[in-house]
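Structure incoming, see below.
When the chains are written out, they are named A, B, C and D in that same order, and each has its own residue count from 1.
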Amino acid sequence: MKRVSLLLSLCLVLAAAACAAAAEPIKIGAVFSVTGPASFLGEPERNTAQMVVDEMNAAGGLLGRPVELVVYDDETDVNKAVLAVDKLLKKDGVVAVIGPTTSGNTLAVMGKFAKAEVPLISCSAAEKITSPVDPWVFKVAPSDRHAVEKLLDLAKARGQKRLAIITVSDGFGQAGREVLKELIPAKGFELTADEIYGPKDTDMTAQLTKIKAQNPDAVICWGTNPGPAVIARGRLQLGLTMPLYMSHGVASKKFIELAGDAAEGLVLPAGRLIVAEQVAASHPQKKVLMTYTADYQARFKQPVSTFGGHAYDSLWLIAEAVKLGKSAKPADIRASLEKVTAFQGTAGEFNFTAQDHNGLSKDAFELVVIEKGDWKILQ
Amino acid sequence: MGFSRDLSACGGFLVLLLTLPHLLANDYYISVLILGCLAAMTAVGLNLLIGFAGQISLGHAAFVGLGAYASGLLTTLAGWPVLPAIVCAVALTGAAAWLIGIPTLKLSGHYLAMATLGFGIIVSIVFNEAVDLTGGPSGFVGIPRLEIFGFAFDTDLSYYRLLAALLAVQMLVFQNVIRSRAGRALRAIHTAEAAARCMGVDVAGAKLFVFTLSAGAAGLSGALYAHYLEFVAPSSFGFLHSVQYIVMVVLGGMGNAWGAILGAFFLTALPEFLRAFEDVETVLYGGILILSMMFLPEGLAGGLAKLWGRVRAKRDAGEAGRG
Amino acid sequence: MADLLQASAVSVRFGGVAALSEADFTVPQGRIASLIGPNGAGKTTLFNAITGMVAAASGSVRLAGRDLTGLPPHLRARAGVVRTFQNLQLFTNMSVLENVMTGAHRRLGYGVLAAVLKLPAYWRGEREAGAIARECLAFVGLSDLADAPAGDLPYGKQRLLEMARALAADPVLLLLDEPAAGLNPRETKALGQLIRRMRDERGVTVALVEHDMDLVMGISDEITVLSFGRVIARGAPGEVQQNPEVVAAYLGGGEE
Amino acid sequence: MTFSDYLQFLLSGLTVGSTYGLTALGFTIIFNTTGIVNFAQGEFVMLGGMLGVFFLSGLGLPLPLALLLAVLATLLIGALMERLTIRPVQDAPVINLVIVTIGVSILVRGIVQIVLGKDTHALPPFTGSAPVSIAGAAVQPQSLWVLCITCGLLLLLRHFFSRTLWGKAMLACAFDRKAAFLAGIGVRRMVLLSFMISAAVGATGGVILAPLTMTSYDVGIMLGLKGFAAAVLGGLGNPFGAALGGLILGVLESFAAGLLSSAYKDAFTFVILLLLLFCKPSGLFGRRGFERV
């Protein structure tokens, strides 16, 4: 037994020495819903995060130190998100965390970051994440309020008065529904119907028939795949002639593939990422949109999605904060993040302040229309 | 006679739980232990219902949810202090179980499974849709941490110690129930309901009692979960969670008091070990269920007991040989 | 001597089938009364009606003057009506001793709270239950198997266990549903002596449904014969044996 | 709300209801032969849809061939499931069997998630998607396919169970396994057959509905529950009742969503199911089972 313990202590010493030689890596934590119901959001986010870290290290890392990404999959489950965040904060000792993918999981874990004094940049959209402002919690996804404002401005311009809404009963849909029910009356519209469908529902004929009976001027659908595609097809089947607006939740090629020709002519607010080529060359976001689209498609052979863009923005924002504060300590990163201004991200131009931890405005969104199976910027 | 053995077993279990955190590499694992304890509370209650009384419930996550939401709402909307809110939440969950139990427990077998499953789904839909009350799909935040007589359990370690103590007490209480007239009545109902009836056992009343007791345990674990997470959302109380509690009981060893605890901690810790193989975790989870039912029909506890029996037999044989 | 049990005009219907029509059955106090008849005559149904397992369409069941007609089985059991089952209903997930202690369920006076807090009432109750159980096991001769799992006992001994369990309930009236089914002649003879000892030593009133004529004729004080749900004869063993209608019912004499 | 709106509710209810019916039929076939409630039945429906997509877009086979292969592949998976997981534990208590079927459903979901991916897919409708108008209500031709195929399958199975030797043998197994064994029926082969047929029926449901409602690796969960509810609604063990139970469930859901509130649509379905269980546990068409004492 004696010889074994001697050997053991020897290699421990060696390991410690080896570790000290290379510069201490900067550890960044990430929690994404790579599996489970929100996997079509989480998987592109994880892929993007790995790609960005590889790019960072290829360019010599941050402050000369290599960047190490520690990713956990919370499987869209609250308990697993809590465990993953605990592991990152207590076991892995990360300097900052990005994610989680869903609003529900973000709300469940965000309280831990003030206690651990480590900044969190969430990739989910719910407004409650950054209002009231928690000094340690930021978010890169544009708020539903911005998207709804963009849509309602268009509806007003087109003289549509009576609007019906149909929203999905999950975190994303609920956040949108709250803002829609607040802003529609506030901006002088009349809310004719407030229908809800389940994330896994396979048939919305009943809801659409009810909406058709009230004959609104336009219908707004707030949800992520596959529901909206079923609704788009149902609209054709039931002959609802009035225009149908979608949310930025369907801003991915998968929606067009699923909805088929029923997607033709639908209008929705979306980040400029999906229309990167059509963005004017002079537009400040052009460069970041083109590089991300090119890099992602080259490596993963799949079209980009705005959700993957959130992970992209989060990591480069952390890099920006580290460079700005010339330090990788969590508290310094947090302080520098609040000073980041005019940062061009895939979701828009970020201007963080102590009071605004989202940093985006209405013009983070571009109104796009679906023509011949592809996105077109609405003139 | 039996009581002293139970007392020492529960005491030993508590000592084991309290020393665990100090043996572990780092205190991240405390949150795994906390979720393990909470799952064990529900599993032990469910084991009494399924393992001992032979009544199945595919909707127990709904009772966990009722406990969590009741306590969460009482402390946030109604501003109650935490302790009375938890006590009231457990009482409310028990009352709900009692009400739904009266018609449901007349059924048996697949019909009972279907009725409890339906009840569980109805409750999870209400959690999801009653937005003004429950905060809807993204749940609600701001549930205060537990505080008893001024001592706030704000560190994970202190909360874990409380849960470990509660779990040990729950085990003792359930052991006492099993080792009594009521316990025998429940086990009688499991194998020969008609005979139990003719021995003077009020079968309907006994089923309702054990159903309400196990729902109360689930409600308690739900309330404590809400005050640990300081947040509650419908996604933690769906049908798949009810299935997970059943699997904890069956995998641990039905009808074996300690089986449920073994199953609960094993299934809570399992995903942590499977984290390395992220994508195949679902496959492994399903595979483990099937294989354990094939090779460990009496569950982990049953398997271990048999193993322990064989080891002891070999040792006794050894002594006999030498002696 | 007064009748302990008076089941009068009991009728039971399963859908259209009249399993029992206006059957009367009385058991004198401290006596062994048997109920015989060909298969399907309604013997077990009458037992089920007396114990409340089956709802009687009409008629009444009175025990020592007290009307039990509307009561559910467990309340009738608490009134002292205890039965055994044709196809053994043992609690196989418990030991022999625990099976018999469960039999004494109605006699133990402590509640759940006492059990949880281990109050003195609990200890007294459990000691009492243990004593009753051991005494009943001794009575039927199963003391040495007290800790064996009930499921492992051979068939004959399981029958005895069911008798011990019924005895532990301190029955006012014990209904035995074909206790000799599946027993060999030696075991049947021993069973007969056991039932007689229950009557003589413990003053238990017994109602017996049985096909084994030697057993029935040997220990019964009174016999009632059922055929197609109707009582066709009643009296002492000797009389009933010669009654032409009974013979016809059994041997299927040709009705002209 | 005009008449055509109500007709619309009815038609869409019947369409969705027929998949519940086919899933319920799958439950009943296995329940009738083995007494087991197969919680992986929903997964057979999912497999039908997903394998259809795989054969069609993955291997580029023509639609009819792709769909046929999807049903056959699921049939084999059903056989595999019975041989590998059900047979070794067939004498175990009911709760263990339920857990095994739950394990299989999770395992199948995991494998499909890895092999066929996590995305949602759609199958093209059999004969175009131009809606046909019936008295003001718009119906997709695919819905008509769904209804016809469901009725066809139902009649086929009724004939199988009541007229053919194998069908009656399967029923005998459920009634009393030992007796069937003594009567010379290869009980094991019957159980295997029941899993294969129910897998094929489930897959057919998946294949004909996927063009309407799309499919992904986890559509099986809710479908399984609704199918089980429909089987109980119609009277567990009665094939005709199962199919009708499914249709009724679909129509109830559609009207509940249309007239009352779409948010609580699923809740209404299960409330009705609970009421039925409390008042008439044997379901609408099932016989009242007697418990022999």
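In the analysis below, a residue touches a chain if its C-beta (ideal position, glycine included) is under 8 Å from a C-beta of that chain, and two chains touch if they have at least 3 such contacts.
The shown structure was predicted, so the numbers you read here are calculated from the model rather than taken from an experiment.
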Which two chains does the highest number of contacting C-beta pairs join?
B-D
Chain at the geometric heart of the assembly (C-alpha centres)
B
Averaging each chain's C-alpha atoms to get its centre, pick out the one most distant from chain B.
C
Distance between chain centroids, defined by C-alpha means - chain C, chain D (Å):
48
Roughly how far is chain A from chain D, centre to centre by C-alpha average, rounded to an integer in Å?
37
What whole-Å value do you get for the distance between chain A and chain C if each is reduced to the mean of its CA atoms?
73
Can you list the residues of chain B that touch 2 or more other chains?
129, 194, 279, 281-282
Out of chain C, which residues touch more than one other chain, so two or more?
53, 85
Could you check chain D for residues that touch two or more other chains and list them?
113, 221, 263, 266, 293
Which part of chain D faces chain B closely enough to touch in the complex?
37, 85, 88-89, 92, 94-96, 98-100, 102-111, 113-114, 221, 225, 228-229, 232, 236, 263-264, 266-267, 270-271, 273-274, 277-278, 281, 293
Touching chain A in the complex: which residues of chain D?
1-2, 5, 8-9, 12, 15-16, 113, 118-122, 129, 131, 138, 140, 209, 212-214, 216, 218-219, 221-222, 254-255, 257-258, 261-263, 265-266
In their shared complex, at which residues does chain B touch chain A?
26-28, 31-32, 35, 128-129, 131, 136-139, 141, 156, 229-231, 233, 235-236, 271-272, 275, 278-279, 281-282
Chain A contacts chain B in the complex at 34-35, 72-73, 75-80, 82-83, 86-87, 90-91, 103-104, 107-108, 111, 126, 128, 169-171, 173-175, 196
Please name which positions on chain B make contact with chain C in the complex.
3, 173, 176-177, 179-185, 187-188, 190-192, 194-203, 209, 255
